[in-house]
C-alpha cells in the first residue's frame, strides 16, 4: 500500500534513503533455477551510476550490489532475493542548509506535509538514488526474459530530436556515446547542448524511447491491467517523468481510423504497427515501443527563491554535483522498469489457460 | 491478478461482456455512512451512454444501474456494493460474420491467442461497454470526495485543438454541447468535423484534458505508486488510450530547469504549476491537470482487409452504429477513473501518520 | 482490504446481504477453456441450502445460481465470472423487533460499532447466507482441480464423536444420511441428538473433518503463505468456526519428536502422516486432512437477554427456522473453501521454476 | 504471491536463509512519527534467540538487528524500514552430510520437489531462523499499538498442562522462568520434563496461549478477513504449528448454544467470553485469547532413517544443538505475529466510516 512495491508475481520491494546507510530491496517471485550473470547485473548498475561521463553528475558512488539471499551456487532458489547497495558518502555532508527549506519542484514540501517528518539529507526517500534498486531487479528480470530484447535510448534533449524511426537505428550504437543516442551526429549535438546548459548552471529535459522486440503474443491482462497501462505506470513512477505514449501516442489522436488501423498479414503480424505491439491491452507479437518524457532536473546551480518551514521565502542556490540532464542515466532505469513489467506479465500469462 | 480489479482500498471489481446478460461490478472498501445521490449516479451513466447526441453511436442501451447490496436506507453500510447493468440487446444480433474473423486494431486476435477461446459477440470483454461499470463506481467515488472538483473536457479532435489554457475556460459550459468542449466556437468546429468524418464512414482521434481542483495536500504514495503514475495507469487502461501527460508533460521535456521550476509563494502554493499539482508523486494542493490521447475508433464503415482464424486475409466491412469519435463519450469515463484514483489515495493517506 | 475477496490468483469477490435483493460474486482468474458442469455446481448449492432435511433449518430458499459473464458456449473464457443468487424472501418479514437490538454472540453489536450503520434484516452481511457464494466458486474450483478428491464429513456433534480414522471410512456414504457422517451408526445417534436439541429450542456445536487426496507435491508458498496457514484462514473465515487443526493438530503438541516424525518410504511417500500431507508449508503428496470446530448456532428458540442500542438489557426470543446444528450444512462450505485454496495454490505453483 | 510478505497495510516482507550472509526484511506502511525504543526491539529478539537458557538450543547467534532506512532522528518517517540480522556462523559448518538427504518431517523434500533446487545449509529458507525477522517487525508493531497488551505464555508441554484460566495468572511472571509459564510450580515441572527429553535426544511438543487485552472495538474485516481468521493464519504460518483455536475453540464444538452465548452487560461488555473477544470477525472489546499447538521439533539426536535424493533409505543422526522443545522460544514469535495482525487491522479500521 505504501508504494514501495512493484509487480504482482515478480515483485520488487525497495527501501532506503539517499543518505542512509544503504538502499536495497527484496525481489520476490523470481522463479527458481535461473543462473545469474552477476557481471551483467553490475554492468546495468554501472550504466546508471554517477560519474560515468562528463555530462552526468560527478558524484562518486561505487554502487556495488551485494546479494544476501535467494541465490545458491549461482542460481536463484525461488526464495526472496535480498540485496543491498551501500551509500558511500552518507556521512560526509552537511545538510543543515536545506534542513528547514523546501526546494522548488522537489518533494521536500509534499513529504513534510504528508508525513510530518522527513529525512532531508539529499532528498531522502524522494531522491532518484532509489532507482538503483530498480536497476538491480530489472537486470535480473532481463535475464529471466532473455529472449526479449529491450533497448531504450535518448530520443530528444530539449528541442533537439532524433527524427529517425527506431527501425533505422542500430541499437548497438546506444552505448557508444555519453548521451546514449544511437545516431552519432545527433548524439554529438545533444552532448554539446548538455555541456552548454551545464555551464549555465541550468538543466534540461528530454525524452527516452524504448523498444521491446520478440515479445511473445498474449502478455497483458484485460481491462484495468492492460500491458501498456502497467508500462505507463512503471515509467511514470520514475523520478522526473511527466508523460508516456505508446505506439502512435499523441500523434494517433490526430489520425483517422482508416489511417490508424494496422492491417493484418496472413501470419498474424501487421503491415503497420501504430498500435505499438499491443491490442486490447495484450501483446500481439509486434514490437512494443513507447516514449517517456523527462522534465529538467529541479536542482539548478543558480540562485532561486525557496520556502522555509516557517513560511518565509528565502534565497537558495543548489550546490553539489547534479545532473544537467537526467536522460542519459535514465536509459537503464527505463529498461529496468520495462523488464520488470514484462517479466511479471510473462509469469501471469502462464495462468491464462487450463 | 487477472486485471479486472482497480484500486487498493476503494476497489472496483468488474465483470461482463458486451453481449452477455449483464455487466456489473463490486465496489469494495467504500466507507460506511455515505448518503448516496442515485440520480447523480444515473446521470453520469447517461453522460456516457450511446445515443445521447447525433455525433455518437446511435445504439440504444438504456444503461440503468441496479444496486444489489451494500446500501441500506440510502446509505452505504461499509459492505460491498454489488451492481448490475443489464445488456438490452444481447440476443438481437447475428455475430456469425465476425465469429472467425479478427478485425484490424481490435482485440479479437490477441484475446483468441491468449485465451484460446473468446466471446466474439460485439467484442465481448474487450468492448468499451465495460467502462459503464467504471462510471458507476466513479460516480460513487465522486460523492465520497465531493469537495474535490473533477472536470474533463474535449481538448482536441484530430488537428482541431482548443488552444486556451484551462484557467480561461468555464467548466459549466462543458455539458452545453455534444462534443463536451467548453469553448462554443471550437465545439462547433469539432462537431462539424466529426459529422464529416462520420459521413465518410471513418473515425477520428482526439484528446481529453482533465482538471482536479481542491485536492488536499498529501495524496500519493512515494516511489512506485506516485499519484500521477496511478492516474496514468487509470487513463491508459481506458479503451483506445495511447498517451498520458501530466502538468508540463511532453512540453516539459523541452524546457530548462530554470523555466520549469515552480517557485513557492509564502503560503506553500506555487507561482507557476508546471508540475501539475504533484511533487515527488504527492499532491501539493495546486490543481492537478493531465491530458489523455485517444486513437480513432478501430471500427470503420469502410471495406478493410481482416484476418480469419484459418490464416486467410478476408475483406470485411464494419456494420452497425459505432462512434465516429470516442472522445465525447470518454469524458465521464476519464472523470470516473480520476475519481476512483483520488478516492483510493484519499483513504490511503489516512494511514500515513500516527 | 475490506475483506470480501479470497484468493490470490483464483479469486472470489462476493457481495450481498441476507435480505437484500441478491447475493453474488465475481470469480476472477479462473483459467480459460474449462468446460463447466452446471448441474454439479447447482448440486453443491443444493447440499448447502436450507430445508433439505428435517435436522436443518426449514426456511425455503431455492438458491439458484445465475451466471452473467465469463462463460461462452459452456466454457470459461478467462474473463471474470459474475454470478447472482436471488434472495427469495427478502421482503417477506418484519425485522423491526431486532432493529435496535444486539443479539448475544451475533455480529449485530460489532457491525454497528464498526460501521455506525447496519442492515439489521436477518444479520445482513454477517449472515451465513454469504457462504452460498463460496459454494458456487468452490464448485468451479473443484472442476478446475478435478483430479484432486475433496471429502468433508461430520466428525462430531456435541460429545458424540466418530472415532474411526478417515482411512476406515467410505466417503461415498457421506451423502447417504442427513448429518453427513459416513458411519451409519454414529450418524443415526447424531441425528437423534440434533432432533432432541432442536426440540429444546437449543443448538449444538460439532466438528468437520476434511480430507484432500491426490494433491500434487509442491503446493504451498513458504514462510507466511504456507498451505495449511491458508487452509486455516479459509476455514476460520466460515461463520461459527472457532478452531482448526491439521494432521496431528493439538494431539501433536503432546507427542515426542521420535513418535511424530514421518519416516520416508523409498518412493518419497511416508510411513505415517502426522504432518497431514504438508511439510514446511508445502504439500508432499500424502493426504491432507484437517479438522474444523464449529460453535453452536447463536440463535436459540429460548428466552435470552439482549442489549438494545440505548444501553438497556432487554428480553428477546429467537424466532424463525434456524439450524439446530450448523455442521451438516457446513460440509459443502468446508469443501468449497478447501477447493478455492487448492485451486489458487495450484496456479501459483506453476510459477515456481523457470 | 511467493509467500514472503505478511500484512495488508502494515506489511512485512522478509528474506534470508539460515546460513546465508544475513536475514532481514522490509517493514512498509508503518505510520510516520512513531518514536522507536530500540532497546525494546532488541529485547524481543533476545527473548527469541538461541542460547538464552539451558532448555533451549545452545547455538550462539548474537541476533543483533541493524536498521538501514525509514527511521530518522529516532522516529519512523513513513518510508520503508529496511533491516538486517547478520548470520554469525554461516560459514562455520559442513553440511555435506545433509546435502543429498531429506530429513523426515523437515521441508527438505518438499522444497527440492517444488523448486528443483534448495539451499540445504541448515534448512535454508525453511529454517525457523526467519522468525527473527517477524520478531523485529512485531516489536515495532507492539510500539505502534502500545495501549494493547499482548501476552503469550507456555500453556502445555507434552501432557503437562497449565490448567488455570488466564484470568488467574500473573503475566509479569512469564519471563521469570526459562519455559515462560507464569505458574512457577507448573513451570518447574515443564522445565524438568524438557531436560529429561533433551537427555534422551528427543523433542516434545506443546501449546502457547496468547491473550490480547484492551483491544479497541471494531478491528476485523467481515467475511474472508475476519480478525480470528487472520490471527489463525498468522499463527499457522509459524514453523511447527499444527493447530489454532480461539475463545472456546474445540471445546466450543461440544457445547450447547444456551451455554455458549455470551450475554451482554448494559455497557456492551459480556458476562462470559466464550467468543474470545471477536463476534462476526470483529473485535468486541473483550479480551482476545487463543491457543496455538506446536508439534515436537523434527530434529532429534537419535538415529533415524531418511531418504536421499537418489531414492535410497539411509540412516542419519541429527547433530548439533537443537531445541528439545520449541515452545519457550516461540512465545515472542506468537506475540510478534499477533502484534502484526492487530497493527494491520488497526490501520484498516481507520478506513471504515466516512
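Order of writing sets the chain letters: A, B, C and D. Residues in each chain are counted from 1.
Just so it is clear, a contact is a pair of C-beta atoms (placed from the backbone, for glycine too) under 8 Å apart; a residue touches a chain by one contact, two chains touch by 3 or more.
Note that this is a predicted model, so its numbers are computed, not measured.
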Fraction-based call for chain C against chain B, same above half, different below: same
A-D against A-C, pair bridged by the larger set of C-beta contacts: A-D
Chain whose Cα centroid lies at the greatest distance from that of chain D: B
Where chain C and chain D are represented by their mean Cα positions, the distance between them in whole Å: 26
Distance from chain D to chain A - Cα centre to Cα centre, in angstrom: 39
CA centroid of chain A to CA centroid of chain C, Å: 46
Multi-chain contact sites of chain A, meaning residues that touch two or more partners: 1-2, 4-5, 8-9, 14, 29, 32-33, 78-79, 114-116, 125, 222, 351-353
Chain C contact footprint on chain B (complex, rising order): 1-2, 4-5, 8-9, 11, 13-17, 20-26, 28-29, 32-33, 66, 68-70, 72, 75, 77-82, 84, 114-119, 124-125
List of chain C residues in touch with chain D within their complex: 1-6, 8-9, 14, 102, 104-107, 109-111, 113-116, 125-126, 130, 156, 158-159, 197, 202-207, 217-218, 220-226, 228-230, 232-234, 236-237, 239, 242-250, 252-268, 270, 274-276, 278-284, 293-300, 302, 304-307, 311-313, 348-349, 351-353
In the complex, chain D residues that touch chain B: 9, 29, 31-34, 78-79, 144, 222, 347, 350-354
